[in-house]
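Before anything else, here's the structure in question.
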Amino acid sequence: MTPEPDLAESWAPSADLAEWTFKLRPNLLFHDGTPCTAADVAASFEAMLNPQTASPARNNIGPVEGVTASDSATVVFKLRAPYADLPVMLAYTNARIIPAAIARGEMTRLDREAIGTGPFRLISYEPDRLIVVQRNDRYYDPARPYLDRVEVVVYPDPTAEGSALISGATDMMLSALPTEYARLQRAQGLRALRTPSGQFCNVNFGCDAPPFNDMRVRQALALCVDRAALVDFVAEGFGTQGQDTPLNPAYTYFVEQPAKKVDIAGARRLLSEAGHANGLKATLIASDRPAVRTQLAVAIREMSLPAGFDVAVQTMPHATYLDQVWRKGSFYIGFYNMQPTADGIFSLLYTSNAAWNETRWNNAAFDRLVAEARATVDQSRRRELYGQAQALMYKEVPSIIPVFFDLLTATRDYVEGYRLHPRGAVFRLDQVWLRDGAPRRG
Amino acid sequence: MSASYLARRLLAMVYTLLVVSIIVFGVTQILPADAATVIMGENATPEQLAALRDRLGLNDLGVVQYLRWLSGVLTGEFGASMRTGQPVLPTILEALSRSLTLAALSIALMLVVALPLGILAATKRGGPVDVLFGLVSYVGVSLPEFVTATLVILLLADWLQLLPATGYVPLTDNLWVGLRHLALPVLTISIILIAHVSRMVRSEMVDALHSDYVRAARLKGLSENRVVYVHALRNALLPTITIVALDVGYVLGGIIVVEEIFAIPGLGRQLIVSIQARDLPMIQAGAVVLASTYAVMNLVADFGYALLDKRIQYG
Amino acid sequence: MAEVLRRLVRTPQGAIGLAIIALVLIAVLFGPWLAPRDPFAISPLQRYRPPGPVNFLGTDHLGRDLLSRVLHGASATVAMAIIATLAGTLAGSLIGTGSAYLGGRVDELMMRTVDAVMAIPSLLMSLLVVSMLGRSATNAVIAIAIAFTPGMARISRSVALAVRKQDYVSAAIARGEGAGFVILREMLPNALAPIIVEMTIRFAFSVMLFSTLSFLGLGAQPPTPEWGLMVSEARRFMHLSSWMILWPCISIALVAVGFNLLGDGLRDALNPRT
Amino acid sequence: MATEANVLSVEGYTLDYVTRAGPIRALDSVDLRIARGEVVGLVGESGSGKTSLAWAIMRALASNAVELAGSLKLSGQDLRQLGPGAVRAIRGRRIGMIFQDPSASLNPTMTLGAQITEALVAHMGLRTKAAREAGKQLFAKVGLSDPAAIMRRYPHEASGGEKQRVVIATAFACRPELILFDEPTTALDVITARQILDLLRDLQAETAVASLYISHDLAVVSRIAQRVAVIHRGRIVDEGSVPNVFTAPSDSYTRALLDAVPKPERRLVSSTVTMSEKRLVEVRGLTVRYGRPQFFGKSLGTAGARDVSFDLAPGEILGIVGESGSGKSTLARALTGLAPFTGTLLVGGREIASIADMDSAYRRTVQIVFQHPDASLNPRQRIGDILARPFALYGRAGTQPIRSAVRDMLEAVQLPPDYVDRFPHQLSGGEKQRVAIARAFAAGPALVICDEVTSSLDVSVQAAVIDLLVELRRETGTAYLFISHDINLVRQIAHRIIVMHRGELVEAISADDLAARGPSHPYTARLIAAVPTLLAA
């Protein structure tokens, strides 16, 4: 994924990649008309990095030490360590620039009003029901956005969302479930969109305690998994097989690994070598959101029975899962969107100092590979390092990653210019325009 | 309905609301995970969680939180939602208004259908109409809400594509589209209510028709219509008022599932969302508003009953 | 008991109700043996099959046989619902009868508290209880029992009050009988008939409530073939195969209709006047 | 041919009721004639078929009734041939009917005025305004004070007597040819009943309407009817003018019926009881409040009985007479610990300050028998178990096994020993009351309180139960507190009588003094005057 200029016109790293300087576009304006300068950018990042704000962006924008505004149009980022992917990571969804007055003043104002620099301005926000935004006339690119007004309707029930689009009540969907996609393809007056992405659902092993600290047990379960069947079960066929590494063709530094075949006898042998000759009982926990987690858990249970595994499936509300199981559990289902870069996904999930480090794999060799890759600029060298990292995960299986989801959606045929972004959390509505024949709304 | 009785009923209502709020608050205290975990979601780090809990006052003792909530309520201040920061009361009242709209439409449809149906079945007792009525009402009473809702969606929204399956458009924005969206949920709820109420009206009507005063009226030589539609009907409809009033309470809180399936942001759904998000002020406000609506409906039922049936004297 | 059965079969509701519930009990007790295939076995090739020679009722999104799952589901749904209702009825009738016998302030206080608990809709109460205890079929049973207790308490109290006014109860008290004897030997046997009728109808509600809880993901856990859970899972695949959702819905309706009919039939059979 | 002399003539009318246990003969070739201006009494016990005849005449028989033979002619026109439309035209217009319980025949949700107006509108073709006016006059004619107010009132806002007057006004409103009276005074208090009886006599005389007066009370029929027919199990066993039938009954059943009617002058017990200084029961200033304290509700503190004092000697029968609501039953409930009381109570010399003092010894000495036989025995227990309970409780059977003690008790109350295994619903009203009495005596009490024990029994059955009570007293020397609203019955059985009126004791007099000198309190005098005594006996 290559970064696209937004507020900054240009940027350049220092030789040792530990300091980046960004040049801002001239006369940028906030939604309320006040000017947006380097001081606002610095204040916004300062608020993000302050633990008190508890901002989600804090551990997703890379190892940033401090941000200073050298003049009204230049911002300098000091990093704790060399980091090649900073520009991409700064485009993180929650890392938006807000006026310094709010960043340093009372943040609670953000509960009721949203002042930013984006292509659309917030009109009204009704939690769990409706969000209305309007074209921002003060946007730095006068041509964009083409749409005057956008209403985002919240559909708790996916089936209902599909029916609403088919009946013409809505113009487009942000994302569709695999189970809905077949219906959307068949409906007339609709254009179904699909793009492979790095979004995946996996089985996380707690590698720091028995029984899953023993690599052979993990490998045994990996051998039971029929990945082709799982693509059908979990993604209704709209997905690609995973080989237990978090990268797939959607990532630039993806290195193909040989496809793993189902080998029940091999799995049974590994299990007995690991001391579980008469089978292994374990509870696989799946939160209830998204529903795919439960489906994967049930499929894993059935596929692992012949090899002597007895996997009991336990679901729980997402909140309880976050509180009691996530990052602590020994055997649970994970679900992640694609990260902008390979380093992003590795250092988020699998390195020892990873923000989430759900598997507690803590593999020193793997950490070294990722750290080195992070600090090298040369493309081929980075590809080789990431390749070795993937091979290591492929062999030691800290977590089974059997299936990647294609991102699916659908729009009415009169909607033009909408491209599905593999990252799964980026919706470029500013590039969308409506052909004539689109109904007048609202 | 003397003033002292009214005062006592209000006192009893306050007691009920108090017990409700204590039970709900008590249970929410023991729920695993809290609002902070939910808000932070995947991005929580221990010290960030601690900071957020502090800001939301979740670190205080349960009792302290409850008393703070109670003192707030007594001064009309229901607090702000922990999830969205919006003030709680307007959101709850908004949700309540949507549920009331749903309730009003469903009960109106129910009354229009259930009363004549029940009366017809009673007057033609044992006839083909009565047997058919018996069959349909049994099925109506036995379907859980989500089964009825699913079948209604399958039939009317998917196969016949007559009405939109879900989504909510406020009537104030666009009456016609709003009504079309409410059509299926209203139909689902009224099927359930019609089954219950028409069975009740039928049995009340049958009892009235076999009563002494109806026999006396017949022996006075009055016309059959006058006997059935004046003497019997008047007495049969009395208990219906209580049931209809209680139904409003049922529709508000009881059909959480219908609101879930048809994505109607009513009081029931608001409660589910806030319980899942452990949004304490919202849960408390929702439960108390729900319970008080229920209690008010009970009072209205008793009041209506006393108004129409002079025999009832509330001392 | 045979006498009641004979009178029960004489009423149409009683006869049909008894037949349905007998059928259901067979499914509950012998479901697993009757099931033609393994309800848990998944098969990627046979997904979303309509009813046919191999799978009589079709297959679900994981290729599992629907008929076997419905038969296995009977014990998961109905048995749990019955246990929950029995517990709720026992607790409710003891509270109700006791409160009716004690009367005065105790009765008033108990009934106000029961009103308060009833002010919270049973579904919300179950939601809170299950969220507290965690999700499992047993916790759902506890939740339903708690949700049913106030209703049963009110009904048994009104029945007990009617019995309390009878002269044979006054005669027993005048004789100097202890409270235990009066409640258990004089009041309860006569209050039992209406309570049993109400309990039978509550079985229907409890089957509906239990399946609703599973529908909201609060009751039985996957992959158990509980009917409410099956409907909830099937909703997402409604457009790929509507059979998946139809069979559990029909099963739930059938059981609920059966219990309702049986309840009405029992009401006439046990009614001393007829 | 001159109009038919008889307004109503019933010839050979036979009626069956089809039940699961086969057809039951309700009326067996009944013949009855009523001329214009004549009042014919139809007397019989419950289940004799007298009410079925009324329903047959009104063409309102139950669905399982089968008319086998005979005709019901109204002024020569056979009612059985009429279609529904014609029947409706006759009901209320040419045949009126007055029921036993006035509140059951009035619609609770309609004003009294509306219920008479609708009859006038339906039959007399009056418009509502004129009908209301006519209604008001009729209310005045039947002796209702302030008719305009009564018109606006609802049934529950009027007394039993007022409601019955409204029903009578409605029946007479359309000046029918025939009126059927089905026990119109039985549900009313003694004094009100007498006023209604006099009203009916005057109205009947003035309108000369043919009347069929159905009742189980021979004394009442003897006061109002010219001719009387006695019906027993569906057959008319005796018929004739009132003097003939009542003085020289031809049928043995009629004779037994006449004997069973309580006559104050026929004393069943020797009138004197030695008032030894040792009192069995002394009651001083007893006040009983009922209604339990409520948490939220107001405590209903209305007094049942106020400041009552009396004595009772061992073996004495003390009669307590009073209308309903006079507090006599509340008194009984207080003495058996069923209602809290204030004031002093001494039993066998022991002070009983409150219910707590009533230990098992007290409970054994004081027993109570209630009015309604169906409600006083637990329907789910066998007779044997019911009677065994007192023995188990008080351990009185001594060496004798309980089972044989129970058999003895059954024999004592003249019931066959094999009743031990029966359930209460398999016994008749009279038999159930005998079991209740047996249960009381099983404890070997010193005092048995009889609270209206015979009021819901037929006259003949009542006489048998009274004889049983007198016999048992003679054998065991047990004292009775005999409570009843029927002063003739009390004067027949009691040694001394106290009269209660609105919770207060207004008179205490021995039966002999009452017979000799008459009552000292005016209320008692009105009570005695109100009760019709058998004319010719």
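Order as written gives the chain letters A, B, C and D; numbering starts at 1 within each chain.
In this section, a contact is a pair of C-beta atoms (placed from the backbone, for glycine too) under 8 Å apart; a residue touches a chain by one contact, two chains touch by 3 or more.
For clarity, every value in this text was computed on a predicted model and none was experimentally measured.
S.K.: If every chain is reduced to the average of its C-alpha atoms, which one ends up farthest from chain D?
M.R.: The chain lying farthest from chain D is A.
S.K.: Can you compute the centre-to-centre distance for chain A and chain D, using the mean CA position of each chain? Integer Å is fine.
M.R.: 88
S.K.: Could you grab the centroid distance between chain B and chain D? Build each centroid from C-alpha atoms only and quote it in angstrom.
M.R.: Result: the chain centres lie 49 Å from each other.
S.K.: Using Cα averages as centroids, what's the distance between chain A and chain C in whole Å?
M.R.: Roughly 45 Å separates the two chain centres.
S.K.: Report the inter-centroid distance (CA atoms only) between chain B and chain C in whole Å.
M.R.: The answer is 22 Å.
S.K.: Spell out, as numbers or ranges, the residues of chain A touching 2 or more other chains.
M.R.: Each of 157, 159, 317, 320 in chain A touches at least two other chains.
S.K.: Check each residue of chain C and list the ones that touch at least two other chains.
M.R.: Within chain C, residues 112, 131, 134, 235, 238-239 contact more than one other chain.
S.K.: Pull out every residue in chain B that's touching 2 or more other chains.
M.R.: Within chain B, the residues that touch at least two other chains are 12, 32, 158, 260-261.
S.K.: When you check every pair of chains, which ones turn out to touch?
M.R.: Going through each pair of chains, those in contact are A-B, A-C, B-C, B-D, C-D.
S.K.: Quick check: in the complex, which residue numbers of chain B touch chain A?
M.R.: Those in contact with chain A are residues 32-34, 37-38, 40-45, 47-49, 51-52, 80-81, 83-86, 91, 157-158, 161, 164-168, 260-263, 265, 269, 273, 276-278.
S.K.: Across the complex, what residues on chain A touch chain B?
M.R.: Touch residues, chain A against chain B: 51-52, 54, 56, 58-60, 108, 111-112, 127-129, 153-157, 159-160, 163-164, 167, 169, 317-320, 322-324, 326, 355-356.
S.K.: Would you mind writing out the residues of chain C in touch with chain D in their complex?
M.R.: It comes out as residues 103-105, 108-109, 112, 166-168, 170-171, 173-177, 186, 189-190, 272.
S.K.: If we count contacts the way the header does, which residues on chain B are in touch with chain D in the complex?
M.R.: For this pair, the touching residues of chain B are 4, 8, 11-12, 212-213, 215-224, 226, 230-231, 234-235, 238, 308-311, 315.
S.K.: What part of chain A is in contact with chain C in the complex they form?
M.R.: Its residues touching chain C are 157-159, 162, 177, 179-180, 182-183, 226, 228-229, 232-233, 236, 288, 291, 294-295, 297-299, 301-303, 313-317, 320.
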